[in-house]
Amino acid sequence: MDYLALYVTLKLALVTTIFLMLIAAPIAYLLAYTSFPGKSLLEALIYLPMALPPTAIGFYLLVVMGPKGFVGQAWETITGGSLLFTFLGITIASILYSIPFAVQPMKAAFQKIDQRLLDAAYILGLSKRTAFFRVIIPNSVSGIAAAAVLVFLHSIGAFGVLLMVGGSIPGETKVASIAIYEAVETMNYSAAGMIALSFIPISYAFLLLISKLNEDSRP
Amino acid sequence: EKISVAVAANFIAAFKEIAADFEAKTKIHVEGTFSSTGNLYSQIVSGAPYDLFLSADKQRPAILQKDGLADRPFVYARGQAILWAADRDFCKAATWQDALKNERIKKIAIANTVTSPYGAVAKTALQKAGLWDALQRKLVNAQDIAQSFQYANTSAVDAGFCSLSAKTSSQWKNGCFYMIAEAPDIIQSACILKKTKNRAVVEQFAAFLVSPEAQEIKMKFGYR
Amino acid sequence: MTITASLKKKLKYFDLDISFSCATESMMVMIGPSGGGKTTIIRMLAGLTMPDEGRVIFGDEVWYDSARRINVPPQKRRLGYVFQDYTLFPHLNLYDNAAFAAVDKKEVSELFDLFDISHLRKRKPHHVSGGERQRCAICQALARHPRLLLLDEPFSALDVITRRGLREELKSLKGRLSCPVIYVTHDINEALFLADEILPVAEGKNDDGWMQRTITRVPSVGGSSRAAREPRLALAY
Amino acid sequence: MTITASLKKKLKYFDLDISFSCATESMMVMIGPSGGGKTTIIRMLAGLTMPDEGRVIFGDEVWYDSARRINVPPQKRRLGYVFQDYTLFPHLNLYDNAAFAAVDKKEVSELFDLFDISHLRKRKPHHVSGGERQRCAICQALARHPRLLLLDEPFSALDVITRRGLREELKSLKGRLSCPVIYVTHDINEALFLADEILPVAEGKNDDGWMQRTITRVPSVGGSSRAAREPRLALAY
Amino acid sequence: MDYLALYVTLKLALVTTIFLMLIAAPIAYLLAYTSFPGKSLLEALIYLPMALPPTAIGFYLLVVMGPKGFVGQAWETITGGSLLFTFLGITIASILYSIPFAVQPMKAAFQKIDQRLLDAAYILGLSKRTAFFRVIIPNSVSGIAAAAVLVFLHSIGAFGVLLMVGGSIPGETKVASIAIYEAVETMNYSAAGMIALSFIPISYAFLLLISKLNEDSRP
């Protein structure tokens, strides 16, 4: 079995989950609590990555992150390197690809916060920002957990997009799902099943961890 | 009347034109389902209602025949591996081997050498040229030749092994290419599936597929 | 510091229109029928509800002025507010709730002793009784060293003895706090005991007659059995 | 129908251990210090909290018996319960809340008239005052035609006049309801006015001395200014 | 543009969303409110479809739903027909593929229900079942909306799996994302872009609908 690919997969899923939680929280907050012109359009745009087939997303990312795309060019100007075919590149792709799964459950959780708790927080002198961290976040743990589970698992399964911007370089961007793809394509079904099975304990461990965190935060 | 054909992804464009021609002539509707060869093979084994299978290789039709699911396979196209680059300067070198040895070439795309026959022959060619090990660090793996071409024409890589069938793409003319003589032709076989209920019509289409008329279209799309 | 307010707001069933002021160390008690607008007034003082028109002046600060379009957000008013439904943060234990915005954490323990809930400091709000929750909410408000204290029926869930004790604590605290206190209650005894000033609110207006009517009204005549059951005891308030 | 209960439960700070019974059309009032276990007792009668040991018998039905391992779920007990924090369903307006489990929807309108909240029938609970919410919760419980009515401080958020009126309504309803009523309050006047029987609960036990101590206890001696502020008015209860 | 494929896509996404809401609700309830041995394992299994690459899921479904798989055989015994390569077949595949996206946000929403509301419901005579419909569901609208959005969009983008079990039969199982795939494979990038763009108004309309429903249910 390709342990290196499994390792890259896990690393990618963890990094994606952590970063995405940080990025999605403020976005979810904006969507839940503010209104501005074009908000639903922005929301639709954020969710678009879900609705597109991975091939299409991968292709657009390739263009944007490539040497002629504006992101790729900006990156090259700053660092002198390329974003494509690197771990950082697939991390960015994976984050973009999973954004909807992080934003949507978080937004739902934030919307459910009792307004009275926010009133109480403001009275106690908390700015909106501090109230976000000290009241909204701790009272949205189950929604945040849901987001984390979705993002983590989705990143493990992501494949079309990663293949496109990653180029399947062993130890760097070759993830386990690519190994499954290869095994299926070459009719090596038992190998495919083996790798797929190895995902069960991983998902299981992650779910246990999340549900533990979730339980601890019960009122 | 209509027939249903499972077509390997690299042959989509050529197939569409051939099917349109055939329809115009015979009023028989030809419906294509496009996917990777492995995928289509699995579907056929699972009882997919296709009449004809156009594979990207010769192994899978052979297996189908051996398993009694298909008639004797026949070759319907020969694909050719090429090395394409968006930067025309790339082709100033005398041979593709020399072009690849250039220090300025940092990344080279190759289709999956395990799942794609084009990737496999590209690997063979690189090995023959003694470059396989040397270029290992520069190789970027694509899922198939379409993706390999995408890498090359978005300049994500400096050059990419693809198939001559990319020549109908609108981007084709923006770059330059080498033929890879060292790479054997990719022999794409087809087979009529035993399950078919309109054998006569399918045979008619199979014959058309290897007719001079179709041959011309295939040439246009980069097959022999 | 003195708080002076003049507030107008159209509500669904009546228009609220009231003016009052309350000075440092003095306690104004608001009393009146359910749905009369007491909570709404408190919320406007806190900055949680926006009046349609009027002014709220605290010392030399303008907190709200419809004419000058000034509206200081609740965060900047630095006040203590015990909500009618004594909202606590469900994710924090009682101690952390009270210490949430405390000026000096050490005081929290003292307050907990004073309000007799020290033994519950580690419990979550869902796991204590209504009265215990309410006492914690008062500690939370006091620990903030507020410049103005708003108490919306803070003792409603408490038994007579506890209530009487806390009422006295509150009175003595009032001196230490040196801030105006606005207190909503529906207990006339409590109002009379605590108030430096009583503001009867009915239908959103200052209704001076309400107190008088309440106190002197004879219970509506019903079955004779009911009349016979009137209190038989003079309470030793 | 008579409800008879004998309940034991280990709580964190004391052991609850109490027995009582209450007959049809009679009202038992539970009174006692905050945190004394009143709500816990009511919840055990309702089947929401499980005693460690004991029996709850309603008429000839056994609702709970630790020895025989019987525990009838709350759904089957068909009782009315007004929670201390007057829980209403936030997604329903007041009318739908009260009609939620009503035997006869027509009665709901009558009850709303009686409790003077008819004009609020279309409002969601978050948009009415605390006292209005509480009155709706009582309507909800009554509309169910309960076999046993449990009221946990149902009038705590109401002003004196409303409270007095409702108290009387409740007394007259009690006859019509023909079911035992168990009522928690911290208002001794109310207890005395309503009760056929008073159950003083302190630290989870029947503490007969508590009432006496409460009524006769002189306020703890504090500053002289405070003593001077004792009520100046004999209330016309 | 391939309007027929667009129509099949929409139909599939709607049918999937509706059925999945019905199927996921009881599962989410079980996960949120009950505990039984092997619960976390079951949960991990339910979420597994996310963590696997679509090709792998497609392959396993193909096997199970095929003439030799037990589902396919059962189906054939009952109806005499095949499940593969039919609209029903891709609907089932799409439902299985999207289950985690429905279950996870719903579970989070159910867990957030105030226990006091359930107490009140039981007192009012509601069985657990009725309380589920009359109290839990109406108070979880934002979580259910989140689930619906995720499932709908994910079904639009689903492609690897559908291609495998559907076989791309026009009007029946050929969805729009397959058209994008074909366009990309034949290097016809502008056509791919066109179809992808047409997803924006669809997603937008669906999001507006959901957020409208969500707003209406605010307390």
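By letter and in written order, the chains are A, B, C, D and E; residue numbering begins at 1 in each of them.
Heads up, the rule we're going with is that a residue touches a chain if its C-beta (ideal position, glycine included) is under 8 Å from a C-beta of that chain, and two chains touch if they have at least 3 such contacts.
Because the structure is a prediction, the values reported are computed rather than measured.
Touching chain D and chain E at once is no chain at all. Fewest steps needed to get from chain B to chain D, stepping only to touching chains, is 2.
Seen from the Cα centre of chain E, the chain whose own Cα centre is farthest off is C. Note: the chain lying farthest from chain A is D, by mean C-alpha position. Distance from the chain C centre to the chain E centre is 51 Å, each centre being the mean of its Cα atoms.
Inter-chain spacing, taken between the CA centroids of chain B and chain C, is 80 Å.
Mean C-alpha positions place chain A and chain C at a centre distance of 47 Å. Within chain E, contacts with two or more other chains are made by residues 55, 59, 178, 181, 184, 189. Multi-chain contact residues of chain B, defined as those touching 2 or more other chains: 39, 42, 150.
Listed for chain C are residues 85, 126, each touching two or more other chains. The set of touching chain pairs reads A-B, A-C, A-E, B-E, C-D, D-E, using the touch definition from the header. On chain D, the positions that touch chain C within their shared complex are 13, 31-36, 38-39, 84-85, 119, 128-132, 134-135, 153, 156-165, 168, 171-172, 186-189, 192-193, 213-220, 222-223, 226, 229-237. Residues 55, 58-59, 62-63, 65-69, 72, 82, 84-85, 163-164, 167-170, 178, 181-182, 184-189 of chain E touch chain B in their complex.
Remark: chain A residues 40-41, 43-45, 47-48, 50-56, 59-60, 100-101, 104-105, 107-109, 111-112, 142-143, 145-146, 149-150, 153-154, 156-160, 177-178, 180-181, 184-185, 189, 192, 196, 199-200, 202-204, 207-208, 211, 214 touch chain E in the complex. Interface of chain D with chain E (complex): residues 46-48, 73-75, 78-81, 83, 85, 87-92, 100-101, 124-126, 140, 144. Chain contact summary for the complex, chain E toward chain D: residues 114, 116-117, 119-120, 122-127, 134-135, 138-139, 141, 217, 219.
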